[in-house]
Amino acid sequence: MRELLGVGVVALAFGILASFASEEPGWFALANFAVGGVALALGVLRGLLRARHASAPAFRRPLLVGAARVLLALVAAVALERAVALANVRLDWSFERKFEPAAATLQVLSRLCESGELEALLFADDFDPRRRSTRLLLQALAARSCLAVQERRLGDAPEEEERYGIGTSNTVILRHRADGRGPMEELVERPTEGALYEAFSLIAGREGGTLWLAVGAGEGDFTSGEPTGYSGLAAALATEGYALHQFVGPATLEIPDEATALLWVAPERALPAETLAALDRYLARGGRLVAFFEPGSASGLEELLARWGIEPAGGVVIDPASAPIDGCVPGLCPLVYSYATSHPVAQNLGPTRMTFFRGARTFRLRKPEIEDRLEPVALASPRSWVTPDLDVLVRGVVPERPPGEPGDYHPLVVAGRYAREGREARIVAFGDAHFANNHDLRALYNLDLVLNAVHWAASREAAITLRPKVAVSGKMQFPIPLQNTFTRFQSLGLLLPELLLIGGVLVWVRTRSA
Amino acid sequence: MTAFLALVRKELATLFASPLAYLALTLVMLVTALIFFDHLRIYNQILFLYASSTMGGFETDTVPDHINVRDSVFFPVLETLGITLIALIPVITMRVFAEERARGTDELLLTLRLSPAQIVLAKFAVTYAFVLVMMAGSFVYPAMATLEGGIGTEHLLAVFVGLSLHALGLASLGLACSAFSSSQLVAAVASWAVGFVLWDFAWAGAFVGEQAGRFLDLISMHPRYGSFAEGVVNLEHFAYFAGLGLVSAALARFSFDWRRVAG
Amino acid sequence: MTENARRGVRVEADALTRRFGDHLALDGVSLTIAPGEAFGLLGPNGAGKTTFIRCLTGTLLPSGGEVRVDGLSPTRDPGAVRARLGFVAETSRLYPELRVEGFLRFAAGARGLAGRARADAVARVIERFALGEVAKRLVGHLSKGFQQRVSLAQAFVADPPLVIVDEPTGGLDPVQRDEVQSLLRSLRGERTLLLCTHDLEEARALSERVAVVNRGRLVALGATSDVLAGDPLALFRAEAAA
């Protein structure tokens, strides 16, 4: 019996080794599996026969009880594992926390699941290190929704790859089947949660209305992909379900009520009085406006908003709590962690979900009418103060705080609600236009604040949420200082094992000597 | 309880009276430190190459996504150590039961006031404790290095948890193999064989269908702890390794029944 | 010495049988050992003596028949039986990496003694078996004679009512053999003593009654002087078992 078992084990081992060596099992592996299987089966059979022949009845009960114990342990182990798997408890200790789906992602998944079936196909090479990360991400989403996940090894299904246009490993195809509509598919080549969220949103086809984007007076360019452009904001708004319509402000005499909301991004030139009057009438009819200002701008929009109680103050906000990001001069780039979290625009933001401004102005609030509600939404730190010197932004030098100048929570984003003619007008004003450009939109939680402001202005509070971050956090791509770690390597990495080995040698010598 | 604790103390004394224990501790600590330091050094070099060639520094999107601490350091450490432990753990577990059988001291134990279940429990507990101490010691240096860097300490903890579970799982298998042998060499070889087979069933992919393949994935160890490299601590995997320990302990307990029957 | 030990326990074997595959190691052996008796189990090598002892201690299951210690079955009540016995194996089965004192502390602890009681028990057996001079030495560094004494000491540390000694002087030189036999003689009368040996002189010196097994069968049972009178070697020959 033992000879057969021994031969069987060796043959199986070599069969497995041969299988590891090549993708397709060759004759050698197959032959070894066959020989090993037969030998093991014969050996076990022979052992059982011999045991049955030679065993006394007195042995059967203890052996059966012992075997039953093992079987019970096996059943308990499987049951425990399945029960815990069903509970799906997982802790995301990753630095980026990228396996905790954002509220926005769950919301759009919920919508898609309500209207049909959703499937994700992951195409990846076996040895692509990104595969496990993507798999985990899809599993995290699948655990919280109806998403069904399948995997395909790249090259195993060439017809499918051809059909979907799969060009690289780690590509996900999202497929949604809804009643009364053909299947909708989206290809995601760099499947981060943000990219998947945008794809889900496109499939969901949310309709948010039409945003009117003002141009013609040096406003931000929504078609430009430059760092100073706003194409990123345009794409994000489209993901949120908005159609975008550009209108030439200086040539506009009347703004129609059909506009869901207006976006006015830092006009650099003076706006004609007719344009401002048209805007004023629009707001008075219950219109909605999201405006971005730069320090020192004087387009006429500032005076208009001042009549609505939101007066952009002069000067630049200097905040010691500044973000040391990407060339920012400390003090000139307020890192905001204080919010009016009771306001829908700022809900879910807080000290761990900060936003970042690059050269900002503050606002003074004064209600035009008693019933109007004006609130600061995002505030600089209590140590912030305002300098009237706009040149600090050019010089890049922060002035000394004047003696006696108190610090205060200077609002950088404000929101107002106004009851007018039986309707409600809403205005959100940002004291920094760079906040939403391509360079800074995706920094920290800037995107969420901008989009939530637009949703609030458009009375789409249900869409206010926190969105997944598209890019991997750069912090995990920081170097670890080599000199310090080399010192630790020698003192901890080498010294500890050395001491242990010395201990082992002493023990060995002691046991050998009389 | 008195008898059980006496056995636990004896097990600890015999474990640390053997040079093998110190050798195993040294090897695991050294291998971890060397692999970690080497990967860290290369990772830093690559980062600086990118930063200096693009003039973008580390703030902007100049470094490819796949160059990060997780993929360049944590994951390779986890993978390499995972295979290394398959080879090292049996060196510790091979003697636990097999040496008792070879010496004949298993009969001495059985004539003391110790039940087979207590003997199995005591030996498993001491071996698990030793393995955990070994893993904790091996992560002292990586932990201090990442603390210095200020990044990913929770993530590193997830990697440590994954590796420790893997080590405990291998220890369970090794103890079960040791329980059925009176030769330490046979116990070690059996542990290596079972460990490597259970490590990953990817080789079986060509022979089995999708369902069977998924089942094999569920019972193999490698897919289980890959998620720890990503920083995800999944309680399902805790349950898997706990189940492995439970079944191994039951098998070890059964070996006593078998010996009473077979002689 | 406890009252329990002073009385000793009764040992009964009733048609005890043990088979290893086709080989019949024990064939219907029946005997009784009275409480407090020093009983010798004799037989040639391979007769089944150790098999009998292993069935008695519970480390081996009988194929048939029954064995009882103080009315308890090692199969059904293994814990209770273990609490009543001390066992000295054929070859010293000790932990060479432990010190003598440490090993005896372990043996005492593993027999349920704790704290003061354990310390006292260890001190008592160290004195009784003259292990004072080697108490701090590693067991693996001791001579065979001292190892056998340590083996005996661990069997007696919890003062059990039944002590089984398998080949007590196997492999010892004459001086060591004499020392161990003196020790065993001094233990007679305190408790039930089962001595397993193939040495006739040793059996005469240490046992009140003996049983002789040959090829698994009981070929003689009775007072030592009666059984070993005449030609006791005849009992060891193969024909005796036929």
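Chains here go by letter, A, B and C, matching the order in which they are written, and residues are numbered from 1 within each.
Here, contacts are C-beta pairs under 8 Å (C-beta built on N, C-alpha and C of every residue); 3 or more make two chains touch, one makes a residue touch a chain.
The structure presented is a predicted model; accordingly, all values stated were derived computationally and were not measured.
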{"item": "Chain nearest the overall Cα centroid", "value": "B"}
{"item": "Result of counting contacting C-beta pairs for A-B and B-C, higher pair", "value": "A-B"}
{"item": "Distance between chain centroids, defined by C-alpha means - chain A, chain C (Å)", "value": "74"}
{"item": "Whole-Å gap separating chain B and chain C, where each centre is the average of the chain's CA atoms", "value": "43"}
{"item": "Inter-centroid spacing, chain B versus chain A (mean Cα positions, whole Å)", "value": "33"}
{"item": "Numbers and ranges of chain C residues touching at least 2 other chains", "value": "61, 97"}
{"item": "Where chain B touches two or more other chains at once, by residue number", "value": "17-18, 260-261"}
{"item": "For chain A, residues contacting two or more additional chains", "value": "59, 62, 511"}
{"item": "Interface residues, chain B side, partner chain A - complex", "value": "16-19, 21-23, 25-27, 29-30, 33-34, 36-37, 40-41, 43-44, 47-48, 58-61, 63, 65-71, 75, 137, 140-141, 144-146, 148-149, 151-152, 154-155, 157-158, 193, 196-197, 202-204, 206-207, 226-227, 229-236, 238-240, 242-244, 246-247, 249-251, 253-254, 257-258, 260-261"}
{"item": "Of all residues in chain C, those that touch chain B in their complex", "value": "20, 54, 57-61, 78-79, 82-83, 85-87, 89, 91, 93-95, 97-98, 102, 105-114, 154"}
{"item": "Complex contact set, residues of chain A against chain B", "value": "9, 13, 16, 19-20, 23-25, 33, 55, 59, 62-63, 65-67, 69-70, 72-74, 76-78, 80-81, 83-85, 87-95, 99, 126, 129-130, 132-133, 136, 140, 190, 325-326, 471-472, 474-482, 484-486, 488-489, 492-494, 496-498, 500-501, 503-505, 507-508, 511"}
{"item": "Touching residues (chain side chain A, partner chain C) in the complex", "value": "50, 54, 56, 58-59, 62, 511, 514"}
{"item": "Complex contacts: residues of chain B adjacent to chain C", "value": "2-3, 5-7, 9-10, 13-14, 17-18, 103-105, 107-115, 259-261, 263"}
